[in-house]
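Per-chain numbering from 1; labels A, B, C and D assigned in written order.
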Amino acid sequence: MFIPGFKIDDHNDKLLKAHQRKLKMVSEEIRNAENIIEKLMQFQVAIPSWALGTGGTRFGRFSGKGEPGTLEEKIEDIGLLHALNRSSGAISLHIPWDIPRNTQSIKALAAQLGIRFDAVNSNTFQDQKDQSWSYKFGSLHHVDKKVRQQAIEHNLEVIEYGKALGSNAITVWLSDGSSFPGQLNFRKAFQNTLESFEEIYRRLPSDWKMFIEYKAFEPNFYSMTVGDWGQSLLYASKLGEKAYTLVDLGHHLPNANIEQIVSLLLMEGKLGGFHFNDSKYGDDDLTVGSINPYQLFLIFYELVEGMDERNMNHATDLGWMIDASHNVKDPLEDLLQSVEAIKIAYAQALLVDKEKLKAAQQENDVVMAQEVLQNAFRTDTRPLLTEARLRAHAAIDPLLLFRELKVRDELIRQRGSVKIATGL
Amino acid sequence: MFIPGFKIDDHNDKLLKAHQRKLKMVSEEIRNAENIIEKLMQFQVAIPSWALGTGGTRFGRFSGKGEPGTLEEKIEDIGLLHALNRSSGAISLHIPWDIPRNTQSIKALAAQLGIRFDAVNSNTFQDQKDQSWSYKFGSLHHVDKKVRQQAIEHNLEVIEYGKALGSNAITVWLSDGSSFPGQLNFRKAFQNTLESFEEIYRRLPSDWKMFIEYKAFEPNFYSMTVGDWGQSLLYASKLGEKAYTLVDLGHHLPNANIEQIVSLLLMEGKLGGFHFNDSKYGDDDLTVGSINPYQLFLIFYELVEGMDERNMNHATDLGWMIDASHNVKDPLEDLLQSVEAIKIAYAQALLVDKEKLKAAQQENDVVMAQEVLQNAFRTDTRPLLTEARLRAHAAIDPLLLFRELKVRDELIRQRGSVKIATGL
Amino acid sequence: MFIPGFKIDDHNDKLLKAHQRKLKMVSEEIRNAENIIEKLMQFQVAIPSWALGTGGTRFGRFSGKGEPGTLEEKIEDIGLLHALNRSSGAISLHIPWDIPRNTQSIKALAAQLGIRFDAVNSNTFQDQKDQSWSYKFGSLHHVDKKVRQQAIEHNLEVIEYGKALGSNAITVWLSDGSSFPGQLNFRKAFQNTLESFEEIYRRLPSDWKMFIEYKAFEPNFYSMTVGDWGQSLLYASKLGEKAYTLVDLGHHLPNANIEQIVSLLLMEGKLGGFHFNDSKYGDDDLTVGSINPYQLFLIFYELVEGMDERNMNHATDLGWMIDASHNVKDPLEDLLQSVEAIKIAYAQALLVDKEKLKAAQQENDVVMAQEVLQNAFRTDTRPLLTEARLRAHAAIDPLLLFRELKVRDELIRQRGSVKIATGL
Amino acid sequence: MFIPGFKIDDHNDKLLKAHQRKLKMVSEEIRNAENIIEKLMQFQVAIPSWALGTGGTRFGRFSGKGEPGTLEEKIEDIGLLHALNRSSGAISLHIPWDIPRNTQSIKALAAQLGIRFDAVNSNTFQDQKDQSWSYKFGSLHHVDKKVRQQAIEHNLEVIEYGKALGSNAITVWLSDGSSFPGQLNFRKAFQNTLESFEEIYRRLPSDWKMFIEYKAFEPNFYSMTVGDWGQSLLYASKLGEKAYTLVDLGHHLPNANIEQIVSLLLMEGKLGGFHFNDSKYGDDDLTVGSINPYQLFLIFYELVEGMDERNMNHATDLGWMIDASHNVKDPLEDLLQSVEAIKIAYAQALLVDKEKLKAAQQENDVVMAQEVLQNAFRTDTRPLLTEARLRAHAAIDPLLLFRELKVRDELIRQRGSVKIATGL
């Protein structure tokens, strides 16, 4: 299914007047509206190929209907999102759930929809049919060299797929860890993992980045071999300049100050990418901004401030990706909400009066520092996002148009009710 | 120090035009602006008498200057707040830190400043000079009847002070608990506490309420004898219809869903009052809305929705109080920020399209339910608060005026630098 | 596979001498060895029918081999455990994973192995094939009466199965909740659930108990409709005297004091049953005692102390059950470790010098209270467990004998490698 | 007060027979009893000078009686502990709470009691009288160079005190951080801190170590500038080989796997010292081993295993110190319990069958790995500790003798009831 431009035009025509009124209002109140709108237009968030179907928990999955069954259908879904918001112009592939069998046609399809290939993701947290060795007790950290070698080769294969598609980064998330005291020798697990990383790193194309994602717990429940930013940074530092830490918002212990981690990783030149989601308890993988949008804003402020300090390009110098699980919402609607929340936080961060904040910090004027941040956060930046969409020929209200066009019904008509997307 | 009306008028005159522009904008976008403004005008938040000085931790306290040294000065401070925002028209007294020695003059002073006496607070978590028995091992739950009796009598005395001032509720927060396994027999501690409560309850004036505050930990670090809402509700149910649970936002285990607790307590008719603050780790007692303003909004939505369901008066049927500690901010500025945050959340909650939300819930349209809530939250309600203040002859920008008038400098001039307020 | 008595005798003969030496040692040091041994012999822990296969997480499951594929095989597995430790003489059935198709033969098989039928468990957290309505948005709390009715009928059906087998309790664990703010009206969810419970309760046989299990989060990640002991107790109190709270060790917020909850529920006469496991982060469902055995002991002390106070029979007046997930261990070995850990904690609890503890509590001698508890905990009670097993004709070292007899190899030979047990 | 040797002899004579019986029993069951006893004799735990008085919380302090009022009296108290257990032969001084005015006599006193001077501790988390600049907004991280310089000089002064006494390490715990979003620029705070550390490090004697302690939160409640092991390691790595990380058990986010952190820091050669205590919620500073003794054992196992791997001397190559707060127990009794708990865990760790564990790990035999660890943990090692004490002429039961000798009564007689020790 494709959304023809005129349908977007029709939708926008109806809502234009109200939008213009709101935009005028907010533009009068803020200094840099035009600059923010431009930055918003450039900012794209990659959609993971595994997030287009309904997710679940160990207790079950309640599948939705009309889900994509093939990589082509997944790209088509992202094309729908991108047509609606012009902010989802990238896909992050998961191998082996979504192996691109026919590279040329896949690339052509993506190009046609304006979608590029973001970081590719390896998977050594599940066993695949016909695999020689099991990852039950880990992969890159495994006590047995054979298993490590198999996992290394899988990562190298993933890089090959990525190269063929034009990706230039690999994200390695390891579920390696232990569920019981005594199961692992922590040092040996670290050293085995480092050795494995080194082999992969050695074969990384010179213009690629390697993102090392950390996670505090789950699916292992006692230790994780890449468990926090400190460990990830240790690996990345030992590996070299192409290795970076990737931060997933849900991968921390309770109450962690993620904004500070982001700031310090940028200081060290070692922040590589970002997985957006939200959570209340653990790696809940909820819609971005649905639980604590203020924290999201604070993180974005550190991103913007820290990237500016290093003259980094907001849109291109970090990998931006959603990593969520849609258990009770329509996946496409959920993703529309998530992208919106990300861009609202980004706009709010751009709105912060940095000079005033800096001055307040320099004087330990804590009250004013809070005022500056909250003034940006409390400002309703949505008209700026709308304007950015409008200029990019996206929909004024993507979610509304998604529903008006009955996109899901059409997808069900085309694909049927029972198809189940690969993924979690 | 008193702020003369003309200074407020001058301040407002300067900011009026900008305010009117913003008010017009937001009023056009929302349905019930006038209704919200009226409700905001009625909504008052009590200021605790112990929160007017700089707070601290066990590691130390960095006192500020010009702090109030007497109850009269504390009331004067609240008078300043109330003059600035017309939303702080109540004081919550802590006994014995702030014993009203001369009831008549205290009442007259408060009346003159438009301040009424909210719930009075007892203190059996510290030993006072000349006290017969120590509360080192608890008070109302103590194994020794003598100690319990002393604590009961203290509570009865606090009620007497409250009666004299026109208060009609007592808040009992017990630090009683244990720091080590084995220290307590939990059942006996509960039963002793219940017995003690019963004695106090028996002597409670017929038109009074008794608020039983719970707390998960600190200052005891193994168990608390009124440790969660379940325990508080058990006590309140066993006591009778004048006994209620009081919720303090910082008194929960990590990740607790406070909104749900609020909703269920309202359902049971047992929510009595509320202590506002914010926190990231424990009972951090930070400025309201400084860490997770969305959660604050969600809590307020449950309050509004649940109170409406029972035909309760928002302004008068629950006890609203701040309970925070100002360690690095000027206490008065901190309180201005807190009251503002509370009223923003209240306004946002009033803005929720309840019918649309109910419909979404009825259809399990989770996406739309989130849209409805976030639409209210993302709306910039600050002009409504300003308008409410304006109509009540308060300042358009209380914090700005506080600084313009150099209130703290004046207080230092009057009171000196070194005075230290009683309290934590 | 059945373990003949002579194999156990052979095993015991070899280890007898060493055991007797240890038993003599410990018996000389403690007062009530004989009494503890007798109590240990009576104490049985029910094995859940779903815990005999390898468990997993949403990220995957690494199946083991030789797993039971039918209810008969599951009972056979429990028979093996029971033959080895004579402490696993009960099964807790999960419907519909383990529907007893032929009640008579199932009962006969169980009786032959010395296994009785403990509480039956309903499942409305997953959709079953051919089910009319989905539980995606809950079951007993659902906004739609039709769905609630279906879930009620399922529970009634489960009771019927239980009656046929001689069970006399039903455990209701609801995954009902919400994953996003706004999704639910908490009060209505509570009231719908209560109504549904009432219908089930009305049809509960007069000699049955209904256990209402609570859980803080997962699979819903914002709220749970039976989320904590306070909520469970509210339901159970409103329902009547046959309704009880069931505590699962992994179902709490971080740092919760579970021992206190247990004590208070016993005080209220409302503790019904117990699900044992251990965890570090959330509902990790790890082997009992593998993470915090001291907490397990403290809980057991409260159980013993609180039950004694009410003259309850330790062995029969509460439902004792394991509820764990075996992701990286052989399920049968894991269960042997769990039962051992439970009984060690029970023995330690029985070892506590209650009079001395009571005296220390009465004097606020916190140091001595800790000494009394830790003295019991630090005592090596394993010889008492061994002796209890020996007297009951179980193995001195169940795990060792399990390995010596190559039980798993034999099960693989009989059942094959690929069978996957139903369950999580 | 001094405990004469004959009183210890008398005490031991009475208990000797029972001890010998228990020792014989346990020695028969374990392989390396003699080796463990020797190691236990060498292992000394430093007592912090601030932990000899009753501690408190921000809610108050309930002082005990007979507390030491001078440094001499504190050393005397540690002398009492050391006489009783011969395991407390070191003091860790806190400056400025315990400035050694007369170095010679202090050293002589300590030498006479067999006490050496462990790491000295600086304090820039409180303001001292006559201090030029306040640490309200931090010290080594402060935005103002003047304040940083003052804090640097304080640290240098502390080193001088340490040199005079024969100490060879300084522990720097910074409370620097922020309580509100926006208060700090995290990068600048880090860089200011690093610069300050560098100035101190430059002046560190060549045979000294600098311990950088981290803490997740409190007294700052939003961010800490040395907040976790990752940050501490970053500082220590940038500083050089004399800089190390110091781990305090209570300074982590909920559920952190401290054992893994210890292992990785040892791997990096950057673990410098250890602060023992226990906690349930935050930095509760409870008696070591009172909440989760199994975790303590697991940490000790990593310490022993990791130190052995690097051929480190258990007794001398890391700084071992208690850092607890005694709010409801007699401080000296509390310290006796803490030292005992530490040494039990150490003995259990030494008892682990490392070869068997290594083999289990190599085969992913998770069940056996747990058995090996728990077998050591469940063994009652107390007779080994007793024997180590006996051989060192300490008391068989230090706590019992402390009470029999009525040490506290005697101290009260000498010092009076009302003296309050400096410290938290």
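Note that in this section a residue touches a chain if its C-beta (ideal position, glycine included) is under 8 Å from a C-beta of that chain, and two chains touch if they have at least 3 such contacts.
Chains and their UniProt names: A, B, C, D = Sugar isomerase.
Because the structure is a prediction, the values reported are computed rather than measured.
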_Set of chains adjacent to chain B and to chain C_ = A, D
*Please identify which chain has its centre, taken as the mean of its CA atoms, farthest from the centre of chain D.*
A
*asked:* Contact counts by the stated rule: is the higher one at A-C or C-D?
replied: A-C
_chain A and chain D, separation of their C-alpha mean positions in angstrom_ = 43
*For chain C paired with chain D, centre-to-centre distance based on mean C-alpha positions, whole Å*: 39
*Pull out every residue in chain B that's touching 2 or more other chains.*
136-137, 179-181, 183, 216-217, 222, 254-255, 257, 280-281, 287, 290-291, 294, 328-329, 364, 366, 370
*Which residues, counting only chain C, touch chain A once they are in their complex?*
55-60, 62, 125-127, 134-137, 175, 179-181, 183, 216-219, 221-222, 254, 279-282, 284, 286-287, 290-291, 325, 327-329, 424
*chain A to chain B touching residues, read off their complex*: 21-22, 25, 28-29, 254-255, 257, 280-281, 287, 289-295, 328-330, 333-334, 337, 344, 364, 366-367, 370-371, 374, 377-380, 382, 399
_Partner chain A, residues of chain D touching it in the complex_ = 136-137, 143, 178-188, 190-191, 216-217, 222-223, 227-231, 233-234, 252-257, 259-260, 263-264, 266-268, 294, 298, 302, 305-306, 309, 357-358, 360-362, 364, 366, 369-370, 372-373
